[in-house]
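Please find the structures below.
In the two assemblies presented below, chain A is common to both, partnered first by chain B and then by chain C.
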Partner chain A sequence: MIEVAVTGFAADLTAPHPAPPHPAPPHPAPPHPAAPHPAAPDGGRTDAELLAPVVAAALEDSGLAPDQIDVLGTASSEFLGGLVGGMMGAFDALPGWPPRPHSHLDGDGAFAFYETWIRLLAGEGRAALVCAFGRPSASDRRSVLELQLDPYTVAPLGPPLAALAALQARALIDSGRCREADLARIVAARRPGTDPAELLGRPYVASPLRAADCSTVVSGAAAVVMVTGDLAGRARRVPAWIAGAAHRMERHYLGARDLTTSPSTAAVAADLGLPGSDLDVLEIHAPFSHQELIVTEAIGARRVGRVNPSGGALPADPLMVTGLIRVGMAAEAIMAGQAGRVVGHATNGPCLQHNLLVLLEAGGG
Partner chain B sequence: MPERCAVAGTGQTRHAAARHDVTLGGLVREAAARALADAGVDWADIEAVVIGKAPDILEGVMSPELLLVDALGAAGKPVLRAYTSGNAGGMAATTGVALIGAGVHSRVLVVAFEKQSEGRAAGATLQHVPFEPRWQGGTGSLFGALCREYIERSGAPDHIGDLAAYKDRRCALANPLAQVRKADITLEAIAASRMLWDPIRLLHSSPSSDGACAMVLCSEAAVSGPGPAWVHAVASRTEPPVAPGHDNVDPRCGRDGAAAVYRQAGITDPASELDVAELFVPYSWMEPLLLENVGLAPKGGGWRMVEAGDTWPDGAMPVNPSGGLLGANPIGAAGLVRFAEAAMQVTGRAGEHQIDGARLALGHAAGGYSNCVAMWIVSSERP
Partner chain C sequence: MTAPLRARHQLAMSFRRSLGRAESTFLDGLAHGRIRGSRGADGRVTVPPVDWDPVTGDPTVEFVAVADRGRVETWTWVEGPDRGSDEEPHRGLGKEPYRGGRKGRPRALALIRLHGADTSLLHFVDVDRPEHLRRGLAVRADWAEDRSSAITDIRAFVPDDDPGPDDDPAPDDDPGPDDDPAPDDDPGPDDDPGPDDQLPPPAGGPIHVVSEVRVDYIYEPGVTLSGFLHSLAERRIMGGSCPGCGAVYVPPRPQCPACGGSPMGALELTGSGTVTAYTVVHTPSPGLTLDLPFTCAWIRLDGASVPFAHLLGEADEGVARVGLRVEPVWVADADLAPTWESIRYFRPAGDKGRAQ
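For the complex of A and B:
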């Protein structure tokens, strides 16, 4: 089987617009230039302007020139952007000439990562660039995201996604497997400077979730370079080899699922040999705090060194980029020489309907 | 070496202006169920699903793959969503082929659909971009301009668009699934129809359609049942819509994509080696232009092939015996329909519109601003 490694990653996150009800406290300097900078101002950049710098940084990381990229995979949500064909504008930021195979998907970049990996395994090229981008902070995301729901029987009721997530959190608490204090602890860990006790005194936005339990939506872009074995030697840092990746989707209707578990995540984890194993880093795409608990439990690792060292999705969530950033940040730990075995998780759909895991290891290939 | 990929079966819905009789789930299930039956497999045999469609705005449902998982028997399975505008259906097939080629799955269901009656496709596809001049007239206005440019470059006479449209509309009569089937259609009626965007007339244009298409792709080891179509080549190419080298009339992505599939399939003279081509022709004037772009006609010679009748079913190079997009154009599905029709032809399953003895066929899908394509070559023979 063809071995593929991640050799480049960069992400850019900008401040939310308008400001959230509880402004995110200033973050300390991140440990690596590729880590998110949530405090940077938006500046009104276009998709291409948002994407171009991260593409350049990821390419430089990988030691490749733009014309060495054979395959492109991109992701965004055109519906959130509000303009049919709008994603084409972002393509100006990509190596585009001569024409290349380029698969775009409407969804999170992590799934484009998976699809692009498949294309390299199928021999479509030796080097690929995967990007995701979006400016959801500039759109009416709440009314658009509601449209992910069954258009005949659910969407007309207008349930906000935070309310659906709250149903899941409530079910988890009622099952006895967590308390609100556990959620506050997660929030405090992901949003530095938050006092869990003070957090518990804040009002709910949708019981039992508080605003801080829900991710802060920002604009953002991310780029990952992945290469087949022979090109991994060009990497500036340690290649992160893809030891496995898989995903599964669950039933759509919330009433048909046990919302307190994630069978799709558990099935994928089993496919990848994760239960009972040790991980140095686990990056979880949890737009709501309680979902970290559900995903962690579903993966069933014996020991995890660090969970969401990047902060995860809570402090900075560019929606369709967030899963790709989790995969990238997991890879980052290997590339920075700080980890040997890591997992990046991504999710799509209400209440963790669709879940992807990528297992990366140092020293493969 | 990628694993060989076979098309075990295909299925399409009855395409129509509006399928009010089915929900989105019902529409895709109709096509998927037919593909499974054609392939002789059951829902449980499918390991992964790829769903392709054009902008979600067309139906007003975001990420409809999340909704459709149940209708497609895909709960607990990996589901991927391909979206690249008009060629989305074709791209979904290339993703399916890659899943087989990578050796990750042995049976993949590829589904593409559009239910345009739920929205206003013509208005949705040309919206105002902030800070740019306001172009009115829908997607067709872009095609009108590039077709006029083709005429200027090639010297094609005015009736070529009429001839190509007449051919597609007559062919649609032999396709029971086509939406537009007017038995008394005449060349004169086409030539006299209202001019929409010079040189494109009303009856040169594809309809707005609800429809879905599905196919079961499988690895060599998983082939069972009646003879499959074998994928000999697959390629996709995208270029920036605005770039110094970009040419709407003869886009490099199309030329390169065609060259790639011919090379993969070992074809050196496509016009004589291919038995049939299903091309993505949303407006009839695109047929002569695409014949040149995919190397079936010399530069400036596409219109001569149309004028000579070469692209009729009994001609030297049959193009769109299904009736093509003029028969039905559910945007996200139409590309996959071309791929499916190519597979149907080489396995003798095209019914009334079967090209006798067809063994090697090209399926082609295009989208965006003439800047993205997907195509494949299928054969009755193993590669």
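For the complex of A and C:
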């Protein structure tokens, strides 16, 4: 049985976010010599210019040279840039020659992580690089994501995404399982310097959600290196062994779902043996504050040491990268020698429609 | 260093989708002032209807009518500028901004459990203030006068002042069998429930839904490419040479895709080159401004490792060939700009139009 471990991780977020309490992931080398222009969004960088330093940092972290990468998995969304095939430019940042098997998906990098893991389990290679990148600043990100909505019965109503999430938050509050004060506490924990009491006095954007309850969308890139067991010894830090990963999707029509629970997350958690168990770190991809509660409850762990020590998605949400960063930050806790059993969560679609969990453990393999 | 370039562009796509059985049944029903759902093997009614049983996966057998009134399950009140207002140009799907009735777009969205349905419908609730909204509020559909087989054939839901035998229970009350009428008990005159009420099939044939996608973008070529484009405005072709493997790229790349080397050194090229492939285009396409037929070619400049695509001009039929030597033809001074189009096309070098 092939075992796979994460041995390298790096991320670049172009907005300030709280430093995690344990060591931060390796940050990329000094800015690319084609220096970014400070006046332009993203410093005027393209996807490739954003991604290249992140790839270099992740490889450095893993102790591998670029030519040791056998398999590539990448993720982004063309709709963020508006250019058909626009992701091709970013591939200049990847080890290019000789050509490797390379699978690209339109979506969050966490799903590319899952697919790449499967490919290593299937014996396609010994070392893989998983990357995600996105520059939502190129577009009105709200209208772009709303392209996901059912074109017949939902999109013509023009619902803002925050409004759909707000329906879920309202249902959760009405069910008695949380209050607005609980949401304020989550926001305060993820956005340092926020006073929960003051937050409760701010106006709604879509009741009961306030602007601070909604993630701050930024541009960013992330890269993860994963290796099979025989290469894990090259790692410069503690390998984070992938003990399991799975993802499931719910029905797409919001009215057909119980929005206050996450059956897909619960089913995946059961597959991974999480209910009733202990976790040192749980990184949750929750673009809206109330969703942390739903995911935590669905996983059903007995005890969680730290939830979102990285800050989670609220303070910095690079679309299509955020889920991979959650997985990477969970792995980071093990690689930094500060955790033994962690879970990274990623989501896709309105109101937690589609959910993925990755379970990582120290000392496996 | 020259400033990076930025340009606006808009992605515009028009989709005309034909509907499947379930969506057609639903939207056609709306045109007739009826709300329809699908009944599953377990007896549960899904609204809007679905083509396949959500539990068994079998094709839906039975479509039923449900009431056009029910109760709010959950709601939200949306702040901010109206979609489609001058403050916020409408960019999403739909032919035009939703305006609703005289009051404009309602601010409240809700999931509404219609009597007879086991799932909830997403729609507007037209109330003046968020204080008027709560879980359990009785609402009824306010139908649009002009209906076109669209979800907006319901203009919005409005508070139902006369909800009938289903009194307005407090949210925590367990409705019980008497308070949650089966479809047969539904009182509304328009809500003739039961299996597949006998509406005629859509008169105009299959229903289509038109979606116009229009999204605005800012495109940035990036620092590396911006330098190249600025040079074109000076009639200079600046390739990038890789410090690692020596490969020369036109246009330059921020990092060598082969060996990862960076940054690229700037290397000016003469503009002379060779055709490595070409094709003659005879077919029009949307947005194409070139006269047909035209020839586009892969051209590898002297000193470059990889070709790029551009136009071949002043090459009569039979002249274009792999291996043809070419030179650039620049536009007039007034037309120079940071764009590939500063080169109008490449033409055969040396004797024009004569096969080499």
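Note that in this section the second predicted complex is superposed on the first by the 339 of 365 C-alpha atoms of A that agree within 3 Å, B and C clash if a C-alpha of one lies under 4 Å from a C-alpha of the other, contacts with A are read in each partner's own complex, and residues count from 1 in each chain.
Just so it is clear, a residue touches a chain if its C-beta (ideal position, glycine included) is under 8 Å from a C-beta of that chain, and two chains touch if they have at least 3 such contacts.
Everything numeric in this text was worked out from a predicted model, so none of it was measured.
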Could you classify chain B and chain C on chain A, in the superposed arrangement, as clash or fit? clash
By the touch definition at the top of the document, which applies to A:1: first (chain B), second (chain C), both, or neither? first
Return first, second, both or neither, reflecting whether A:348 touches chain B, chain C, both chains, or no partner chain. first
Pick one for A:96: touches chain B only (first), chain C only (second), both, or neither. both
On the A-aligned overlay, A:119 touches which partner chain: chain B = first, chain C = second, or both, or neither? first
Which partner does A:207 contact after superposing on A: first (chain B), second (chain C), both, neither? second
By the touch definition at the top of the document, which applies to A:152: first (chain B), second (chain C), both, or neither? both
Look at A:79 in the shared chain and tell me whether it touches chain B only, chain C only, both, or neither; answer first, second, both or neither. both
Using the superposition on chain A described above, determine whether A:252 touches chain B (first), chain C (second), both, or neither. first
For A:174, decide between first (touching chain B), second (touching chain C), both and neither. second
Of all the chain A residues, which ones make contact with chain B and with chain C? 79, 83, 91-92, 94, 96-97, 144, 147, 149, 151-152, 155, 251, 253
Chain A partner, complex, touching residues on chain C are 1, 3-4, 6, 9, 11, 15, 17, 19, 23, 26-27, 46-48, 54, 73-80, 83-84, 90-94, 97-98, 105, 109-112, 119-124, 130, 135, 150-152, 171, 209, 211, 213, 215-226, 253-260, 262-263
Per the contact definition, I'd like the list of chain A residues that touch chain C in the complex. 32-37, 39-42, 44-46, 48-49, 52, 66, 79, 81-83, 91-97, 137-140, 143-144, 146-147, 149, 151-160, 162-164, 166-168, 170-171, 174, 203-209, 251, 253-256, 259
So in the complex, which bits of chain A are touching chain B? 1, 72, 77-80, 83-86, 88, 91-92, 94, 96-107, 111, 114-115, 118-119, 121-124, 144-145, 147-152, 155, 246-253, 263-264, 267, 348-350, 353-354
Would you tell me which residues of chain B are touching chain A in their complex? 1-2, 23-24, 55-63, 65-70, 74-85, 91, 94-95, 97-99, 101-104, 118, 124-127, 129, 235-245, 251-253, 256-257, 368-369, 371-372
